[in-house]
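Next come two complexes, and both contain subunit A; in the first it sits with subunit B, in the second with subunit C.
Take a look at the complex of A and B:
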């Protein structure tokens, strides 16, 4: 299976390292992966016979780009157009307003009848329906497990639940950073700014944590999840969003005394899409601690099924991307 | 899709009711299900043009058997042999020592190249490898989601996790009855016998709760789960089993003070298979309350993924059986 990497930052390199490991999931399935091109924002390197991935990885880590190995200034779109491959891996950074540059990369790849595997929420938040329909028309596979829930196969689970049951509502704790902050505030009675600073030092929160704290990251994941599993055509504008900034340790204490915890919950149900701090019973499976994520599906027959796990982190994202690649290879 | 019901007790009738509902999952997929035979332990009724399922259900509920509609004394094996069908639903009661009568029914169905969907743990605990290989040799589908975790798609999840990751260990709270008892003991400090009696009155525990309390039911589910997902060839004899009879409210109280709860956990890892009361951190997703079940997969890349939901009950089992039927119909 010939694969093009578009974007070669932490995620791309993490995946490359996983592919270099002997007995990785694709090898176990008997699929030989040949990386025929790697493009980043400064250039691209192409070899239709298959790149030496170890060397590419080393160069990228040393120089911050693969450009010196190939043609500096070569754009990702040119790489996609000029290289024969079955799969395009779109791993560029997310832009939730325009979806770019991922949106253009994915459109281009699909037009050329390449399967697409992505970790990029932007294009899906901006143009879910367009891309799903383009994939269907072109007869290509389009997989994006890594965009929601990381190593937790939320989308696979939702698909199975929809087979023999009906999903009535989705509730998700979809952002590890805010969940970590709320957990520490609850356990230690500390104010939000102190916990946030600590989370930033630990690398759990980003330098600019606005998108996490204000619920926008949760809203993005909710949009993708709801579109993919409930057949909606929602965008970010359809979500009422309230972040955690007004949650105090006192509120968490009061909630706990009444048998609840407060979580930032993304909900999709007959009333629409929303993200807001919500009371969750302490003994409910959604009441996960620390950086854990959780998604609860409310069902017609099976009552509730909840899945929890780690939603972020390069290893977790690699796990999702590898699973998608294996599924693509099985269906080719 | 022509289907034979073998066994028409609570589960079979529950599923029949679900199939009679308009807009059920099979109809939504565009699959017409024609029930061509129903066999119970007193007789069977066959109509290759399709039975009137409503009438069969009514008779079974009134008379406790479908025999009067067809031929009293007609055996399930005869029904399987003499009726043309694509799918045999094996829903007879479980016998964990011999696997019978389900084992014979499943063998017979597969020899005739019929796909098999079952809720019966017995045959799988006794002869997992034999039946899996028979299914493979005969080119038929063999699905048994309803045997582990009820409405929780544990097996589908495990399959997906194995695609892009590697399952290193499985830990499961697989029995709702014992979990309910431990939860009540912990919350109210009540002794086990009092909680058990109450659970029996509520229909959560059976009149003879031995198999649940002694961990045998958990062990059966663990055997099926481990065989199906780790490629083992285990039987009940391979599981070290210890039930919850010696767990006291005092032990639960001490555990709680240290930040733990006690759950009856089935484990499969490099050390083998075991079922025993285990300390679980209160904030771990396995620490589910009441009649909930939970299964935690420990992974090479994705750390841990845990799924929780309701493992028992006729609606939950119907959900699993319907999902399996839909998947069979999609692959026919």
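Take a look at the complex of A and C:
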């Protein structure tokens, strides 16, 4: 299976390292993965016979780009158009307003009948329906497990549940950063800014944590989850979003005294899509702590099914990307 | 209102029917009657518990008067406890807000009541937090009350935090 990497930052390199491991999931099922091109924002390197992935990785880590190995200035779109491959891995950074550059990469790849595996939420938040239909028309597989829930197979579970039951509502704690912050604030009684700084030092929160704290990241994941499992055609504008900035240790204390904790919960139900801090009973399955994520499906027959695990981080994302690659290879 | 009346009847035929007739006459809608023959009192009376819906307090008072006039011994009268309950947090400058107006609005809605209010304050000039417990006669009434809280809270620039799924 020939694969093109588009985007070679932390996630791309993390996946490359996983593919270099002996006995990785693809090897275990007998699929030989040949990386034929790697493109980043400064250039691209192509070898139809298969790149030496270890060397590419080393260069990228040393120089911050793969350009020196190939052609500086070579664009990702050119790489996609000019390289024969079965799969395009779209791993560029998320832009939630335009979906670019990922949106263009995915469209190009699908038009050329390449299967697409992505970790990029942007294109899915902006053009979910368009991309799903394009994939269907072109007869290609389009997989995006890594965009929601990281290593947790949320979308796979949802699909399975939809087979014999009906999903009435989805509620999820979908952002590890905010969940970590709320957990620490609750346990230590510390104000949000101090806990945020701690999270940044630990690498749990980004330097600019705005999208996490304001609930936008949760909203993106909710849009993808709702579109993929409830058949909606929602975009970010359809979500009422409130973040955690006004949650204080006092609020958490009052909640706890009454048997609740506060979580940033994304909900898709008959009332629509919303993200907001919510009181969650301490014994509720969504009351997960630290950087854990949890998603609860409310079903017509099966009552409730909840899945929990670690939703973010390069290793967790690699796990999701590998699963998608294995599935693609099984269905080629 | 839903009312629960415990009384003691003489152990003679026709007593229960005698009691139930005025309930209907005052517009009551009987929901359950529990007649405990095995719990006879030392004076040989039988305890009976009747639960019924009655339009208002005035009719209830008149009904109880009627019972007493009939020589029936009433041992306890209670409004049945409302079962729909929830908790909501209000965050922001709660102390300087029109919290009293919000509570008044809820209490005058009917069928819903603020059963508890707790405050936590951080320091002068800083945002504080309030926790409000609500009880209502039905889950529909409760969700109407929550909508009212949310609407008024947002006008007061308070963030309301509801229980997930409610």
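What we mean here is this: the second predicted complex is superposed on the first by the 332 of 332 C-alpha atoms of A that agree within 3 Å, B and C clash if a C-alpha of one lies under 4 Å from a C-alpha of the other, contacts with A are read in each partner's own complex, and residues count from 1 in each chain.
Just so we're on the same page, a contact is a pair of C-beta atoms (placed from the backbone, for glycine too) under 8 Å apart; a residue touches a chain by one contact, two chains touch by 3 or more.
Only a predicted model underlies this, so the values are computations on that prediction, with no experimental measurement involved.
*Asks:* Clash or fit: subunit B against subunit C, after overlaying the two structures on subunit A?
*Replies:* Aligned on subunit A, subunit C fits beside subunit B.
*Asks:* Examine A:280 and indicate which partner it touches, taking first as subunit B and second as subunit C; both and neither are also allowed.
*Replies:* second
*Asks:* Give the label of whichever partner, subunit B or subunit C, reaches more residues of subunit A.
*Replies:* B
*Asks:* Figure out whether A:325 sits in contact with subunit B (first) or subunit C (second), or with both, or with neither.
*Replies:* Only subunit B is touched by A:325; subunit C is not.
*Asks:* Name the contact category of A:303: first (subunit B only), second (subunit C only), both, or neither.
*Replies:* A:303: touches subunit B, not subunit C.
*Asks:* Which partner does A:161 reach: the first (subunit B), the second (subunit C), both, or neither?
*Replies:* In the superposed model, A:161 contacts subunit B only, not subunit C.
*Asks:* Write the angle, vertex at the C-alpha centre of subunit A, between the C-alpha centres of subunit B and subunit C, to the nearest 10 degrees.
*Replies:* In the superposed arrangement it comes to 60 degrees.
*Asks:* Between subunit B (first) and subunit C (second), which, if any, makes contact with A:265: first, second, both or neither?
*Replies:* The answer is second: A:265 touches subunit C but not subunit B.
*Asks:* Of the two partner chains, subunit B (first) and subunit C (second), which one does A:251 touch, if any: first, second, both, or neither?
*Replies:* Only subunit C is touched by A:251; subunit B is not.
*Asks:* Which partner chains sit in contact with A:68 here, subunit B, subunit C, both or neither? Use first/second/both/neither.
*Replies:* After superposition on chain A, A:68 lies in contact with neither partner.
*Asks:* For the superposed model, what is the least distance in angstrom between any CA atom of subunit B and any CA atom of subunit C?
*Replies:* So the smallest C-alpha gap separating subunit B from subunit C comes to 17 Å.
*Asks:* Looking at the complex, which residues from subunit B come into contact with subunit A?
*Replies:* Per the stated touch rule, the residues are 18, 25, 29, 150-153, 156-157, 160-161, 163-166, 283, 285, 288-290, 292, 294, 299, 301-310, 315-316, 318-327.
*Asks:* Quick check on the complex: what are the subunit A residues that touch subunit C?
*Replies:* So the residues of subunit A in touch with subunit C come to 169, 171, 242, 246-248, 250-251, 253-255, 257-258, 260, 262-263, 265, 267, 269, 276-281, 284, 286, 298.
*Asks:* Along subunit C, where are the residues that touch subunit A in the complex?
*Replies:* Touch list, subunit C to subunit A: 87-89, 91-92, 118, 120-122, 127-131, 133, 159, 161-165.
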